[in-house]
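In the two complexes that follow, chain A is the common piece, with chain B as its partner first and chain C second.
Moving on, here comes the complex of A and B:
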């Protein structure tokens, strides 16, 4: 892929006395457990390979001990990989000499830490300036950049406070501001929100997503929290015992787990907060408003349905008719326009299922899914919602509307 | 036992003779340097009128610490003056200050070095243990040979005895800087020196100051021993009292040392805290 910002190829980390020997054993097909039993060495990361596209939020998720923190530290070589390559913009980080690496750390990659890692003896402003300071940037420019960066994370007015005077959420904002001040392409976030309480965490997630809309950095986000991964990740890599188990979009991971481990991992996920109307809608049966009632009845009879949406020539939704009204109309000679119901429940394709429950429960007609121009894209019936929540992927894929 | 005695003592004698022979100009230089420094401090301290000096000390203590400590400083030093041990106190203060300054100048860089290098640390640790556990008296003998008698050999012996805490706690302070802060410093592309100056040393300062405080106390504990090689000061007064069995004088001079110890302790303990604010 040409748009890959970061390519990770076979990156392996073995901790112990003879790491290279450990790599050899891995290549011979031994497992992490066997190597630990035989040599006492720990395989931190086992041949991880994936690509991260420019401008995406790539989440690496796994339980503690799965090697995710080790993996992310090999991106800026806080930990040196035992084997493999990490290419950022085509440059191999692993082969870099100390001064080249320092240059990359100063200008291309910044990191946000789980426990914030703010310097307690420096003010908020001076913490934010740190990266620019070691880079040797001009004093005035340092200050401007740092202030701008603090403004971005909403910490104006706290420049002269010390980190210990701030709450956890605010401290992590400083951590984020410090990382952004260098204007890096790549942001490594190691469990950046894990130490925050749930409400603050959600706020920070939203703010990160908002910031990302403006900045379009390439973000590698480490987390052990599946909900967090699903919320913010454009793509997710799942790790277990040092290996990447599956890489994919949140939907792919949820709907097509690569193996039992992933399946067990995701089985408790609240699907209604991940799946959207677009996932469960099906192709609508429609009729143009200038057609006759008889045609409408025929369509309903053929499709074995009891209601029909009415659209104009541009597929814009104008109303709906029911079979009952239609057969009455046939007797009394009314047209579709006369019997059409205008009060219709609509949602957009990206509405979460969780936000549709009430409509689904009370609506007498299937719910119409429309785009911004009010064009009918599909309909959602009660059964499809229930099937999707049950994790019935056959049902889902069968009805996917393109 | 039929195994002949290992002539360890002879070897040490030979070694010391050799050093004395070959490095005499070097030792003379050190003697002159340190001697000059001490005399300079004594000259400054004695040229200030005692009353003014007491006010200055109290004011500094008030600045770095609580007013109660400042009050103690004023009363304590006035008592010393009243008892007639002012000159001895100034000599002792000069001896302690000089030892501590030398301890810091040599000890802090060594501490930094062994914090960066595990091999160096493994070599230094037993040497430091040796320096601290060897009876301090023993240092006096070569000190006399190399540096004659008077203030200088006393200072050298004090430095050897008092420097280890500064080295140890400098090392400890730097190593105790939390790992994630080191990672942060590295992740932003700091050089080793930037990391040391901007992160490690500032955060280690309170610990380093605790080491300096201990060095102050240890070198003060050496003043009586320094008197054995002819260093003037309160130690000499105590020593004289012991040889002449004068309990009263011994108590007075001893009390002066205690007062000086408390004053210096409060002062050096709080100076690190002050910096942190």
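Moving on, here comes the complex of A and C:
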């Protein structure tokens, strides 16, 4: 067994008069277009296979008509696959009887819809409780769960409002709270943020990421927006004409597009908004603060560099020295502590390159990359940033894009 | 009314035609067709009614009613062409409404059991049911189109088919009844109902005509509600398949 939460095996959906015949034609190697011309049937999803790991955000991305919504609706079987299997925790959803399926929908999978699907005549609280109501939980527990869930999405205090009184972003939070109230393992989000305006959308994306850190649900997120996919996806499946074209981390998709289609798709992506400091940083040359100036000069000479970061025994960054100051110090007998510069530009490993442009442009020293404990993890030099953005044949560090 | 009077009344048709031509409304052909059809249909119905009344046999009445129902069903069924058995579902609905209303009318001896009464009143009931069925299907279609996500949401949370469609069904039933209820509110104030007008012209006492019209108003209320509710409950299961999935193309595609 793998650590897959959801396994999708050869899932196919054919719309039309004789779907099974359509599957046969696909097996014989006909394309979606040929089948449409010959039989008038539409291949919605063509033999999709992939695995979704527990706790990851798996983005299914494609343009409209690519079959992504059809695909995700087969995971909770709002639509029946014509062929193939969908295993959730090893159980085949496709084979389940209606009552078993209802049970899975009540406890394991929840869905968030593009246009929120809130009941206009119920309050926010009552909307949030809906799933539990269907489940038949007792009234008091429903209320507790729903309040907790609303708190989680930041809607405390809005319990008694009606959906029409809320902004789009807030309405979708209610949708999310409702889905979470059932405490499902799997969250299906079908273009959940696509109806929101761009700024709200970005906020929601960030908030989803924050929430995910606490919840660790398995999230399947459908979108037609590549930026959104790259921003929130741990892994992305790209769909075209019903087929999965490529599955990979955002970085893999950008750097090694599987074919021309993906390449054309990603060529306009602003790499600076995907790549982070961790991708372009180099291993730093450092010196401990209690060592001598002479050693520092030697290190700089060997590494052919003109400045050096100073750390303490725990690798915590304390400052930097330049070669010029060091040779002056050698003559005047000063120590490293005397000549050390404290005012250093730092970033964290997950800072986007787009957010470091100004620092890169103005800093006289390479930029220090530090973690939360201020330990020096690497340095970023101007040349590495430019090379990364040019995108050609650069050696990126093996860090996953966050 | 003399034949001459009818021929003279064609002046009104000519007036409509002249106006249509003068203002380039392009309705000349439609006006002609409508007038010719109305003339032929009504004349034929007149002769048929004459025959049925003369026959005075239950079978004649039943056949007449059946034909009326079938024509009404055919008209209403156009709305939900993709729904399996929609014709028969509307047929059953209108038949039940007709049987129930006539059952009360005749059983309680509110009206005499003569073809004049049965057929005229049935005509109003069936016609009204046809309009309600039309409105209901139209509204249901629009509601499902608009609130599809809501249905899917309820299903996705493990709700039953009934739970998912019920609010929409209720809304559609309500909406299809509103014109009937609203229409009856101003009855008599703006225009006199056709049947009452007819009775008064035929020389009946206005109070007598009013009493009769009241009966019809009450009847139509009951018939309308019955139609919408029965049809609603007959139709909704066919919007889903045996796997409890919403089969949207039953309504949404032409």
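Note that the second predicted complex is superposed on the first by the 302 of 402 C-alpha atoms of A that agree within 3 Å, B and C clash if a C-alpha of one lies under 4 Å from a C-alpha of the other, contacts with A are read in each partner's own complex, and residues count from 1 in each chain.
Basically, a residue touches a chain if its C-beta (ideal position, glycine included) is under 8 Å from a C-beta of that chain, and two chains touch if they have at least 3 such contacts.
Remember, it's a predicted structure, so these values are computed and weren't measured experimentally.
> Have a look at chain B and chain C on chain A after the superposition and call it: clash or fit.
clash
> Quick check on the superposed pair: does A:182 touch chain B, chain C, both, or neither? Answer first, second, both or neither.
Both partners, chain B and chain C.
> Return first, second, both or neither, reflecting whether A:78 touches chain B, chain C, both chains, or no partner chain.
The answer is both, since A:78 touches chain B and chain C.
> Considering only touches as defined above, state whether A:103 meets chain B (first), chain C (second), both or neither.
A:103: touches chain B and chain C.
> Using the superposition described at the top, list the residues of chain A that contact chain B and also contact chain C.
73, 76, 78, 101-107, 109-111, 113-115, 117, 119, 130-131, 134-135, 178, 182, 188.
> Under the touch definition given earlier, write down the residues of chain C that touch chain A in their complex.
Within the complex, chain C touches chain A at residues 149-150, 152-160, 163, 167, 243-246.
> Tell me, which parts of chain B touch chain A in their complex?
Of all residues in chain B, those touching chain A are 178, 180-181, 183-191, 194, 198-199, 202-203, 276.
> Using the touch rule from the top, collect the residues of chain A that touch chain B in their complex.
Touch residues, chain A against chain B: 73, 76, 78, 101-107, 109-111, 113-115, 117-121, 130-131, 133-135, 178, 182, 188.
> Sort out for me which residues of chain A touch chain C in the complex.
So the residues of chain A touching chain C come out as 73, 76-80, 98, 101-107, 109-111, 113-117, 119, 130-131, 134-135, 178, 182, 188.
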